[in-house]
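So that we are looking at the same thing, I have put the structure below in structure tokens.
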Amino acid sequence: MEALLQAIYDGIIDGNKDQVTAKVQEALDNGLPPETILNQGMVAAMAEVGRLFEEGEYFVPEMLVAARAMQAGLALLKPKLVQADVKAAGKVVAGTVKGDLHDIGKNLVCMMLEGASFEIIDLGSDVSPERFVEAVQAYQADIVAMSALLTTTMPNMKVTIDALKAAGLRDKVKVMVGGAPVTPEFAREIGADGTAPDASQAVTLAKSLIGA
Amino acid sequence: MIGIAYKTAQEMVFGNALHPVTTPSGIVIGGGAVIPEVNYTLPPMVINETTLPEVRLRYREMTRRILQRAVELRQEVLILEFEQLYELTQYPHWGAYVTSDIKEVMEEFTRTYGVKSALRVTIADIRDKERPPRMRSGEPMQTMLKAFDQCAAAGADILSIESTGGKELTDRALLDGDIEGLVYGLGVLAPNDMVYLWDHIVAIARKHGVIAGGDTACGFANTAMQLAHQRMLPKVLAAIVRLMAAPRSLVAIERGATGPLKDCAYENPILKAITGVPISMEGKTSACAHSSPYGNLTAAVCDLWSNESVQDVKLLSGYTPEVFTEMLIYDCRLMNTALRQNAGQMLRDLLVQSDHRTDIQSLVMDLDVCFETARRIKEAGTDSYARTLAATRWALEVLLQAQQNNVTEFSRSETRWLNHLSNAIQSLPETPDELRHRLKTEYNSLFIPAEYELWI
Amino acid sequence: MIGIAYKTAQEMVFGNALHPVTTPSGIVIGGGAVIPEVNYTLPPMVINETTLPEVRLRYREMTRRILQRAVELRQEVLILEFEQLYELTQYPHWGAYVTSDIKEVMEEFTRTYGVKSALRVTIADIRDKERPPRMRSGEPMQTMLKAFDQCAAAGADILSIESTGGKELTDRALLDGDIEGLVYGLGVLAPNDMVYLWDHIVAIARKHGVIAGGDTACGFANTAMQLAHQRMLPKVLAAIVRLMAAPRSLVAIERGATGPLKDCAYENPILKAITGVPISMEGKTSACAHSSPYGNLTAAVCDLWSNESVQDVKLLSGYTPEVFTEMLIYDCRLMNTALRQNAGQMLRDLLVQSDHRTDIQSLVMDLDVCFETARRIKEAGTDSYARTLAATRWALEVLLQAQQNNVTEFSRSETRWLNHLSNAIQSLPETPDELRHRLKTEYNSLFIPAEYELWI
Amino acid sequence: MEALLQAIYDGIIDGNKDQVTAKVQEALDNGLPPETILNQGMVAAMAEVGRLFEEGEYFVPEMLVAARAMQAGLALLKPKLVQADVKAAGKVVAGTVKGDLHDIGKNLVCMMLEGASFEIIDLGSDVSPERFVEAVQAYQADIVAMSALLTTTMPNMKVTIDALKAAGLRDKVKVMVGGAPVTPEFAREIGADGTAPDASQAVTLAKSLIGA
């Protein structure tokens, strides 16, 4: 049992998708509880990947393959988790705001959040306030994460927040904003709940916002 | 051996280019002195019909303050860069309004104080707004060409762009650390796009009698540098992408661009070595826009010295555009004094030596390395793919050697990546078609081959 | 001939002082390399009991970002300056809180990355808040001494101040263009105040085993420079005030200050020539705080290179304190590379030659002129008034000669003022008492002689 | 007559106080209307001094002596002007805000405004919001001019404006703010009516604010 979990853990850290799917299947077949596989195998591995990244040992490409290996394993696990009523840490609707095509930062944040077992609804880039509102409603999201790289598109963050207010959703959802030009003062001014200077700190912020 | 413009790296020095360029206002670029190039932009604000008067006023005011500071410091020549924000290209007449506003202030200062200036207008590559982007067909390309045309008519002296052909692929390949995707994007898609784009830009420049400046690999190599700075990507990858991007930017010159090449392009020294055109460079004094791993080195053979881009914000002494103008002026004063005292080469070497071994990325920007890159690109012939392979392999060679000789610090993870990239580079195929077949299937949805007139 | 510390101006060069100073953390200042000194301050905000936590957090964050950038650029030593805003001196424990906050971050970075740093704390001269000010009696002086003491206890490595003795008179005399008031303020009141003040500061520094840095004539000569920049005052007056201020600042060293002298003091090269102490200087890279008429020249013999003061504001690449840190680091890299390559003198001369004739004010800051100023001050003996007269007369001589030889442009109004000031300087009396009797009667209400232990 | 006015005009431009007082007296004795002396002799001269300053021909010291010469002449003229019911361009209450001792800029503005025939009530430096309010009330001021050099004292400009509002005076008075750290955006944000980058442009602003 220990050995299987270790193999899943190692498979994620090495970004070895095939190993992860094989070992997750084996673990399930052996009757290991899905929550155990998820928490002790996969979430623990992604936490270690995050630590390696923080320490400069890993870069984004390694994180990406790790995240993909985790997702492959998760695909096997998900049906069982639903049965066992294991929930995601929270649901995040993410996108770069209207007018902004720069999505590298947003993609990184999504990946890191996914690694921390958030469920991500990625709306992509150039997302209008209306689409954010729709998605929050449709997915019953816990968090809206908006990104902007251009100073000329930043004001659209406020427009989106105002649209959430107008739709009566602002109290039901936390708003995170990010991107190179965003400052804590700006976040406060437009009425967001917080901002983080980089993708890994965005995870910490998301967790603290929903008390996870 | 096929010759490049300069015979040795030693011949190259700041302020001097083999083929100087003269602006309509009579400023000679690369003709014996380094000239400051100030790039200034709006603070966070919405640009639309309603705010346009404010946008225009702000540009006029920024221009006035910059030129005022130049007058106070007795700087007699100055290049201004108006790098358009998305909306100003999307609505070409808006960009043209601002262009003529700026030009009006410039002319007022020439009349009143005699200060000579020239205006570089950099058009935004608005094709980058759709994914996958339509590079040739459809509206964005037509709008961009309209923007070039209208700005040239409105007073632009130099036309530039940071074109994004291939970026839809390299953005993804960068995050994957995937050399094959990077080489295909930079060695096939980008040059292919630039041939088409620059033929049009050069024609517009000729029509208006203005200068076709150049094109930068900002969206590729500077993106990599920034991601490395944020520790998202290994520095060895960013260093390799830096040299890999040079053949792409060379295309603009081959299609008729004459320089001054645009500042964002750290590949410019290589292009200057090959072609002899004057170049703009940025480095330490562009810390307002991004951190540089080689802030002095980049000045070594510059003809214009730029601050990259600064937002209009108030500091204790005034607004940032004038603050950075002052710093650029003093940087240039030092270089020009050195030229006058026959100490240009000496100061150039100090600038290079102060940086060339302090960071993995600066290794490939050493002047001698740039010169050898130029030579190898030229030697690889006229095909962009072959040139890109040559530059990539040479970058790898430089890094491997530096790592073996402990020239600078390579962390454990950088060393691991260097070995990984070494393998990937060694197995690159010799033709673009072979590479196309090898590309990850996930990439297929990212770009539209027909937009590059490619049919595979 | 009475000797000064250096025998010739040629012996002086940046990064090297005859009497280097070592900080408690082991950084040697003036021991062979130029070190960046970063001065950073709050953006516009109220400082009170309620906002104090935010103030402290902001200083910690600014410090962290600065040191982070230093680590990224492999800068291993750094001086930080915490120049107190009024409230932080007025409530000495507030200033001490911030001091220990900054020090904590510095120590964290030493432990984590090995980067060595030292902290200069500059206390605000809060006596300047009353008019006429009580310079010795009463609360402000006691509070300032408390602030020095508490900050030294909280982790300051270097103590400095820009003291304002005599400023109540010179502020008015400047606007009147009145040489007599200026000489009395700078030659009598200021030195008199500094003897008293610096005896106390030096005692506090010794008690805590920290460094008594130095004192600048910022409130006098930099005020004049700024007013000249705004075209409020003639440049010839600002140039004369510059040299006139040197004897005043010398007093701190004579009472036990050891350097590094503080950046605002453009008179520092003169003081270094006389005493051999290491100096901090500002110039081009302090454009954030004010425009400089000689932005390169000032680096010629600096030991620390400073940005003067930058407010914490976001730019495209990050916050201004880290942006200016990066620029200072590159400036220092170039100077230190020159020293290593035995090209220090050569670069120094280029720095001087790039500026020394471009502005009336730079004429008196030429290295040779500074050296001769030092010699003449020393030759004038130990009396501050006599030294001030000597410096003033020499400044006039330099300007008159430059004007006759057309070394730089003197406008009609500058020439008129030069003649006017020449007359005023030639008729200055030989003793302070005579001058006191000649002062305009309006000045009597401006200062309290007893506060300087003067009884006329 | 012409010659007398010319002598007053020249006396002010040269900063010759004695000449100005003598010639103003002579003009009054000769029955010249006080408004003519004021406008054609003195105000015209100060305008020329302003122009010389703008052109870099004059500096502050020359402006100061000119302003003093003008004031000396004005002292003789004032009683007659009151009889003739000639009014100042407007009344300005000026001061540097609480906590700020830097008054060079404020003094220059006062001097220039005085030259443009505004009446100045100079409250000095370190002026509390209450004192500004009192003065506006007591002097029935048209304009409040506040200056700050320190970024830490700038916020007191807003405090003062709020105090004017609370006292019901904000609609009755125009507010100008100035000093090195003050931007047009800041002025707008705190609800001031305008700001000017230097002392001479402050005069233009003051005139435009009261429609003079």
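As written, the chain order gives the labels A, B, C and D, with residue 1 at the start of each chain.
Rule of thumb we're sticking to: contacts are C-beta pairs under 8 Å (C-beta built on N, C-alpha and C of every residue); 3 or more make two chains touch, one makes a residue touch a chain.
Computed from a prediction, not measured in an experiment: that's the story for all the values here.
Q: Chains touching chain B and chain D alike, please list them.
A: Common contact partners of chain B and chain D, which must touch each of the two, are C.
Q: I need the common contact partners of chain A and chain C, sorted by label.
A: A chain counts here if it touches both chain A and chain C, which gives B.
Q: How many Å are there between the centre of chain A and the centre of chain D, using C-alpha atoms for each centre?
A: It comes to 61 Å between the two C-alpha centres.
Q: Suppose each chain is reduced to the average of its Cα coordinates; what separation in Å results between chain B and chain C?
A: From the centre of chain B to the centre of chain C is 40 Å.
Q: Distance-wise, how many Å sit between the C-alpha centres of chain C and chain D, to the nearest whole number?
A: 34
Q: Where in chain B do residues touch two or more of the other chains?
A: Residues 311, 314, 316 of chain B touch two or more partner chains.
Q: Pull out every residue in chain A that's touching 2 or more other chains.
A: 151, 181
Q: Touch graph across the chains, line, ring, star, complete or other?
A: Here the contact pattern is something else, fitting no line, ring, star or complete shape.
Q: Just spell out which pairs of chains touch, all of them.
A: Here the touching chain pairs work out to A-B, A-C, B-C, B-D, C-D.
Q: Flag every residue of chain A that touches chain C in the complex, lowest number first.
A: Chain A residues touching chain C: 151, 180-181, 183.
Q: Which of the residues in chain C come into contact with chain B in the complex?
A: On the chain C side, the touching residues are 69, 72-74, 229, 283-285, 287-293, 295-296, 309-311, 313-318, 320, 323-324, 326-327, 329-331, 333-334, 336-338, 341, 343, 346-347, 349-351, 353-355, 358-359.
Q: Flag every residue of chain C that touches chain D in the complex, lowest number first.
A: The touching residues are 41-47, 85-87, 128-131, 171, 175-178, 223, 227, 230-234, 311, 411-413, 417.
Q: Residue numbers of chain C touching chain A in their complex, please.
A: 314, 316
Q: Going by the contact rule at the top, pick out the chain A residues touching chain B in the complex.
A: Within the complex, chain A contacts chain B at residues 53, 56-61, 64, 99, 101, 104, 107-108, 124-126, 150-152, 154-156, 181, 186, 198.
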